[in-house]
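Chain lettering (A, B, C and D) follows the sequence in which the chains are written, and residue indices restart at 1 in each chain.
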């Protein structure tokens, strides 16, 4: 891959071209796949530059309570990988789509435990990349190979504990963007931006790859702060799911999601303005 | 003592002279000491030749449920050794009285653990003997000495398991009469006379001492059978206590007790008549 | 287990310890008691037919002996001296009780008995006996007071699971004393084919000696272990005392370790100086108070050795909680296994002669002892054993530099009681129990 | 604990057993997992700073090791072959779990960690961890599903008594799977100063190997003991399997005892012929049925080795109970400790290669196994262990002349469950449970 990272992917392009980028996440099937379609389109309208769609897995060990609950709603609604892909087949957005799911879901797609059928189907459905919260670089070889074969990005997470040799290895394999985990712990909306975020971005500043920060981002002001601190994008999930979960009728959430995306995108932009005071926003280096 | 057994005691005399003898037992203080006085006099009128009065002890390990319950009633009514002796001081009967109690009650009477004060007071109250269900011959030395000093009989129990050397030792020390335990187990009215009774009496037939059979005797017919089998007396307790326990008003039991004593005495006599067919009733050998 | 026989074997008052002991039982039981005396001498004292070899092997394989002697790191730090715990809580069944139960059931088998009966209070002796009887294929019936049956359900279940019958005793207050009375009654009825497995160093001779001998493995092991681990004898040995079986079991090997004693015989393989002195502390249940309510016949404690007077109960002359008239008191302790108005005659004797120091701690001190060991050492002790641990907290300054405490059993059986009793009090050592009701 | 390191130490896929194992954890945990790997290699494999010496000493003194290997007289008679029981029920805490918990808490201490977390299902691993943490003075928090908290109260109390916090997990069905998920989340948050004590041979490398190594004392002792007591190796070794820690702990020393294996190295001090073959049986919970209800996501069993398919759960590739889409099933067993949808990767591998034979018995057979051991041998086994005993009843004819069964724990914790489940059924081996409500 190291030679392939030189070819800019849809995802990398989406981040660089729309800098500062907004990446949004919702869980597919929460509360139904039909609703998800409308929500994704709303997020797209609201200004998302990249959209992550969660394929629910019964043991979401990296998620906090908000996304756990969304996953349970999606599973209770009977969401399956097949239904998920059909949804993706159907969706029309400007923003490229990624799938976020756990490794076992990828392995079990198809008749044998094997990653290839999933990747093939993901490519066919038009997905641009995959994020797997329980797949560290050390175990990612088979999936990365399959993604390469089908031109999909395999996005790696960089945690506050990722340092030294491991950080180098991971950064040398980044495809799409580096998912910078804002803090230790699980996903979930937080009231502030953690110090760890600043530390991580500082640690990563020497690497010339797009960096997007997730885990806990819930407001426009967070987005501004994060972008200002040197990120290329912000990733927001739980804050959006809160909107879905709190709407009396599923369709009520559509406008709220669009508005929230817009607020976050504005916030991110504010970050660039402030940041612009200090240094010029990085330009895509390779066209 | 072996030389003292040649002097006939009140108790031995009461049995030999009234052969076949009726020995009755009730618990002092059940349901009150006043009632006990009346009951004892009734038993005396009914034909008792010897009366055992139980001084209640909290752990009556040799008693069955009937006498246990009587003891509990007596203790609940506040029966004390002092009250017991005052009752005995007061009672006028033809039949000699014995006290039946557990060893600890004897030991604790007086200021130090010592058997003497109890025996002294018993003699003073006019009691003729003592029966202690938890004092085997091996542990009886101190009490026997005290009894000898005060001319009281210490009555030993001969159980179905008492055999061989132990039987000899006990029989050589008998004072008053041998209390023949009719069966293994505890006191309590039974519906029949056990085979063990016949075996025990046969085993004892060579010893020339009065033998009275207790544990389970409840009816005139039992008395007859036992006397016929060679006993000199029958001991009845639980069957009398049943009468006390079942009477609505304590004074109702008085007549019943008298009548029951008379029935038992008649039964015992019937035993002698049948027995007379076979052999002559033993006569007191030493006047 | 050595010269006792000659001393007590055939005297006219067998089985006494000074003024204590004896055989105060109904005549019907005397032949059985003498038969047992004979079996005890042959099988236990003289290892006839390899009885003791089989006993020891079964205690190893079935029981889990030897139990460890553990240095208690955090208690040692807390008390600024070396504290070692003898871990009888690790014995099969969860208490020292199996040492005795297995010994007696095996002896009954050697004697040709066909049936086992036993009393139980909290259920520890009953469960140990039921386990031993199942292991040795003997029918078994356990008498247990109705009150105890109701409040010690898990132990009732355990006995039933092991195939024993459990007979609730309705008399009196439905606790241990009544259960013993009732077992004696059963024995008096069935004595020819039945052995009565008494649960402590109480009852008529030979029970106090025999039970002590079966339990003496505790102290024999501990004495050897402390010499190996600390290279000397302890300054003090502490054990709780109900009837006193874990107490005598722990103390027996140390009784000769007196400053004033004759030098140990030359074949003492320990190689230790004979002049090391070991203090022995028997810790009884102080209950809620050491005062006695004579009118009610209640002692709100079981501190027999400290406050009792001489008398006869359940076959032996010993110290008792009794009224001046001789009625036995209802004793009380938060710990059911210590809740008994009597105590072993040998212990009475050793207290009388000054060799053993009696002590007592109240319910609250014991509960704190329970919590302290649980939190500091990760060992949940029986409430009985917690009395020894409570005493350690109170008296450690007087116990010298090296102390052995016997943890006679584990506390799983006591959890409900401890929770209830803890909720009523403000205990220094307890975790916050309210949040347990999550 | 020997040559594994060289084989797996530094390959790109560390910690695999054939196709199984691995490190499927969130990136945030990888540094901790690697730090643990390093600590495992240094302290456990190389005994750095005398770690293993201290571990072994504490297991002796605190834990009560060695546990006996007991000839089961009445089972031997029943099955007309020699049956030996490895008595892990006698370990402190009442199950083999302490071997692992103490090892990991001690390791955490050596690593300079300040806090211990663990998941628990039935509460056995939680209580073992809480005991070990109290013993070693480490703050400890236990995650336990809400359903389990409610049905395993005594174990909740025990953990609290030992000073541990118990955090109920409200998610999902509130059982073990959810508790593991939640503990992983805590770990992902606090990983720098916290060690996660996993309760079985599951999870990411190095847990499966490390837990196996801590547990392997079971089989090491048993192998030595059977050679001493029966003068040869057993024909079969039987252990129950949930996650598989008692299983691997028992089997590990016997794995090389294969007919086809290379002769043992010359320094094998046993002096045994290398060609004796020992069959290994892992007995899983058959629950009420081996059928799976895909629609409901329910497996009414936990027979992962017999019926599972390969997948990734809780950090490792292994056999799982899962839907064809990859969702993990709710498993079921009458025994909470076996009620898990995964199994240790090494066991999956040994089953795949034919070295270990998987088996399962259903709830009823296990309950009969529980009652049978209780009544015949006076040992009340854990319901988990009762599966191994149920299998013995069913399959003894195929197990050869000399069989070792691991009794992984005691059944005190299971009494209520057994009573309830027994009342529903007509069990051949059960006592009459109705009369328990005297």
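Note that a contact is a pair of C-beta atoms (placed from the backbone, for glycine too) under 8 Å apart; a residue touches a chain by one contact, two chains touch by 3 or more.
Being a predicted model, the structure only gives us computed values, none of them experimental.
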Every chain in contact with both chain B and chain C is listed here as none
Between chain A and chain B, the Cα-mean centres are separated in Å by 98
Distance from the CA centroid of chain A to that of chain D, rounded to the nearest Å?
-> 38
For chain B paired with chain D, centre-to-centre distance based on mean C-alpha positions, whole Å | 67
How many Å are there between the centre of chain C and the centre of chain D, using C-alpha atoms for each centre?
-> 35
Check: chain D positions touching at least 2 other chains come out as none
Can you list the chain A residues in contact with two or more other chains?
-> none
Pairwise touch network: line, ring, star, complete, or other | line
Among all the chains shown, which pairs meet the touch rule set out at the top?
-> A-D, B-C, C-D
Chain D residues touching chain C in their complex are 60-62, 64, 67-71, 73-74, 87, 89-92, 94, 130-137, 149, 154, 156-158, 160-163, 166, 168, 370-371, 374-380, 411-412, 415, 418-419, 431, 433, 435-436, 438
Provide the residue numbers of chain A that touch chain D in the complex, in ascending order.
-> 57-62, 64, 68, 72, 75, 80-81, 102-105, 107-109, 113, 133-139, 141, 156-163, 166, 170, 181, 184-186
Which residues, counting only chain C, touch chain B once they are in their complex?
-> 12-14, 22-32, 34, 171-172, 177, 181, 184-185, 188-192, 297, 309-315, 320, 322, 324-328
